[in-house]
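Both complexes shown next keep chain A, but they swap its partner, so chain B is in the first and chain C is in the second.
What follows is the complex of A and B.
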């Protein structure tokens, strides 16, 4: 954003309407849409979290902390919140582990091969999350290829769908492109000559990785983890479909409260909680960055 | 690169991880040709019955048309609104340009589940739920930030010399904009068009909150279909969707280059 501000050139137009008048007229449409579709709804959502929910979907204007205190007094919701955070952390870690080798390989490749692989990494992003989740339903189903292969090997067939395991597998894959692109963006400091130097000086590959490569790529890791954690905490489609209504996470609960139970104050409170978790994640990211430098 | 030769185990690992990444997308292609009644992989028989079933499914077809028209309308409005806004923010440098840029791109920072709920509550009170107008505004909230970002970057990277020359030679501001600035922005406009259309066409979460029983988009219809039953119908729709996305991406690639558009 500062780059945009810095690239702004000194203005030249001379307009009859007057500079300010023209500027306001040209900005008006985007400002109106931003106001009705973003500012107003978000402020209203914050206000809604302090309203009182009535039975049967009604809302009474009030200023109560009941939704907030009720959330932390109810073991179901405390468990839901803790579960959402731990599952998202698990997904973030899993995504990092499966994305890191691809990012490292991409960073070291060059030319057409690199372009081709980059397109492969981006292409899932252009495919709907519903479609990709559907693909996972086919793969993880009870008679699906993965479960039957495990069964054919003589193990007891595991349940991989309609539970937390399925949600973790699906979301890990869905978030991979974001992690790979973030890692690549942060790999700038990784100069192949540094690795060579470490190897030449006699460091074994594992030691080169832990002492040279990993520390140099920490900024990319931090960025990718922030992005994936935030996306995991707020993801809805995959937990809803792969969880089959049996996995309760923050985003699915917001939807159920808003659409099924019609308890808007509670849904609004849960939404605000998601934003608070976002803020905390950003704060943690800033601290990690400062520690790295 | 002669040094740092990637070892064989590393290559195998990377190939395996790529397979993991692409498996669900690749899988829908064979499933769409399944001859089975229910979703199974690998299918025991092959047929085109699920493409025929799709042609006989008026709900899916009408949802497809809704999505297509919605995407087109949203894209046109996005460009018409974002081009002037980008121009003011980058070129006219009014008071608080950076603030306005951040404000107008801020919707992208919010998770769609929160944004969708927020819009639902406000739209419910003004009667926008289940209406085409409601869907248009809901989609604009997320397409405009993308359009503004791409267009502002394009404008910021343009060389000012041509525009200055045109206005020194007596071109009126509007003429200079129309004849010089706009043509030079063409690659950015193509990118913004593709991005807005794909974002609108693919949007599920916000749309889920805004659609009604009589008006629904294709991704929402797919979502409800997968939620209620698992049959290969979704696979045949998915294949067609992937082909459509591929077509859009190839048009962008031919005109401006893919890496400029999607890799930042």
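What follows is the complex of A and C.
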């Protein structure tokens, strides 16, 4: 059988693609999908941002900078942009601080225990962000367990919901799995022997952390922060629900403009602005990576 | 074996002169598994001591307990009269060189070496001066600004050595430092480490599974097996006068035979009889080093049984040329005996299958009683 197969092999026409050819052929389907599903709509959005908005949701084909100049001339929008970036950075930092110890512990554990913990860390992703946000509404509500416990201890009950605090708490928890997985992916350079070397050279645990562990985990930190920042800027449901209409962020404003006010050109302009912020974040990430190396 | 519990509180211990590092009944158990079982050892000041043994014998565990990276289950570690059993590693003042080098990948060579000095908060000028000195000692001044990954394995190991020595540690600990280097580099580094250790007069513990390293570099060799000491002695002692069959076979090559001793210096092995030193009785293990044996052609006139010589006749089954040595494999009554001879320009090959006689001195015959 094998002899026959071998003798027949040269007869079948071979696709003379070569290495590069094969790579292009394999990449073609996703390239087509990306072109149709992502690049074209984004270009369309870019075009839309230069159109003129008419009252009542109409759009007139034009080429005007009115949307862009209007955006930066209006203090409401400038504040909105600054607020969005600050809140997202805050969420990213909070997520990093609470995720880092978990990721470090996971990195050091092994065997079945590690598998179990990893599943535990990822499991929140099995529930939709909407459900988890409603969970937080129940927990953070005025008569909820957290606020009433604080009140019972004799402190004046804080407002944890329908404000920026609520949005930060909710999004931090929702983004944690992404942060932990990114950190773990970037912890490859962390070798327990290197930590031991630092200790034998006289570095107490805290110094070992700041001088050795933290610098070696920077690639993971950068990756996790990039991912969580992007997700925080673009997240919409959690700020909408936990912000209670009182927290104004780019994503919620885009929704309002596109769906409620029906000002599509403005929504498109805001969307392009978010894309520019993402581009800046990617640029910062690349710079950080280069600095680490 | 009596196990001492870990003592703390009384930091000073009656001084024994000259002893720098002492292990008292040091043990490490992981559940039911015993890694190190009641180790007693005294290392004099300025000596280089090898912990030698096969993997899993507890030598690395012992070293890591001395460094403070593993907590002992039992026993004490005493350095210069101070009990340091419970001291954290960062206060122990020991220089540890890892098998995997364990350099800080994000720091330059100079920064790696400076790390221990920075932890001691020394003035900047002094740190700079001592880093320079340390790098000069390992001949790496030119590479001070390189990152570890830009260096070869041997260079990385020299940085690790400089980093461990620059803090002027009380004891230098080396954990298989040469295992990841190729053979030629290993020989070089062996001499380099020995030279540096002697010029600094530093007490050092060297963990290795390579008997050549242990014999050639160290003042004293500690052979370990199954978490216990098998023999402690000078390299010559351990090689020439092994006290157990394990040491005889682990340190250097040996031929191993079994026989029945008659209590008068005679031992019967199979159908032949040999003489051994002393008057052992019962079942015995016989070990003879291959290079202590001589191969002669049967009937050549050299094969007469001289006084104080043992002889065995056999058939030459194989000759292996390994450069400086020729190894003759001789089949004596179904037992293979290896005889080594210096190879002289490739001469000395004998015809495989020919009948030969193996001669060796009675005093070169090592005898061990068999307990079982």
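Following the convention adopted for this analysis, the second predicted complex is superposed on the first by the 253 of 293 C-alpha atoms of A that agree within 3 Å, B and C clash if a C-alpha of one lies under 4 Å from a C-alpha of the other, contacts with A are read in each partner's own complex, and residues count from 1 in each chain.
Going forward, a residue touches a chain if its C-beta (ideal position, glycine included) is under 8 Å from a C-beta of that chain, and two chains touch if they have at least 3 such contacts.
These numbers were taken from a predicted model, which means no experiment stands behind them.
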Chain B versus chain C as contact partner of A:66, first or second or both or neither | neither
More chain A residues in contact - chain B or chain C = B
Touched partner set for A:196, first chain B, second chain C, both or neither | both
Considering only the touch criterion stated at the top, classify A:204 as touching first (chain B), second (chain C), both, or neither.
-> second
Could you say whether A:262 touches chain B, chain C, both of them, or neither, answering first, second, both or neither?
-> neither
Which of chain B and chain C A:150 touches, first, second, both or neither = neither
Touching A:121 in the superposition: chain B (first), chain C (second), both, neither?
-> first
Please indicate which partner A:289 is in contact with in the superposed arrangement: first for chain B, second for chain C, both, or neither.
-> neither
Look at A:215 in the shared chain and tell me whether it touches chain B only, chain C only, both, or neither; answer first, second, both or neither.
-> second
Report for A:89: first if it touches chain B alone, second if chain C alone, otherwise both or neither.
-> neither
Looking at chain A, which of its residues have contacts with both chain B and chain C?
-> 196
Using the touch definition up top, name the residues of chain C that touch chain A in the complex.
-> 67-69, 88-96, 98, 100, 102-106, 115-116, 119-120, 163-164, 167
What residues on chain A touch chain B, complex-wise?
-> 1-5, 7-15, 19-20, 22-23, 26-27, 29-31, 33-34, 36-38, 40-42, 44-45, 48, 98-99, 101-102, 105, 108, 110, 115, 117-139, 141, 143-145, 173, 176-177, 181, 192, 195-196, 230-231, 233-234, 236-237, 240-241, 251, 254-255, 258-259, 264, 267-268, 271, 274-275, 278
Parts of chain B lying in touch with chain A, wherever the complex brings them together = 1, 3-4, 6, 10-11, 13-14, 17-18, 20-28, 31, 39-42, 80-82, 84-85, 87-94, 97-98, 100-104, 106-107, 110-115, 117-122, 137-138, 140-141, 144, 148, 152-153, 156-157, 160, 163-164, 167, 173, 198, 202, 204-205, 208-209, 219, 222-223, 226-227, 230, 234-235, 238, 241-242, 245, 249, 258-259, 262-263
Tell me, which parts of chain A touch chain C in their complex?
-> 189, 191, 193-194, 196-204, 207-208, 211-212, 215-216, 292
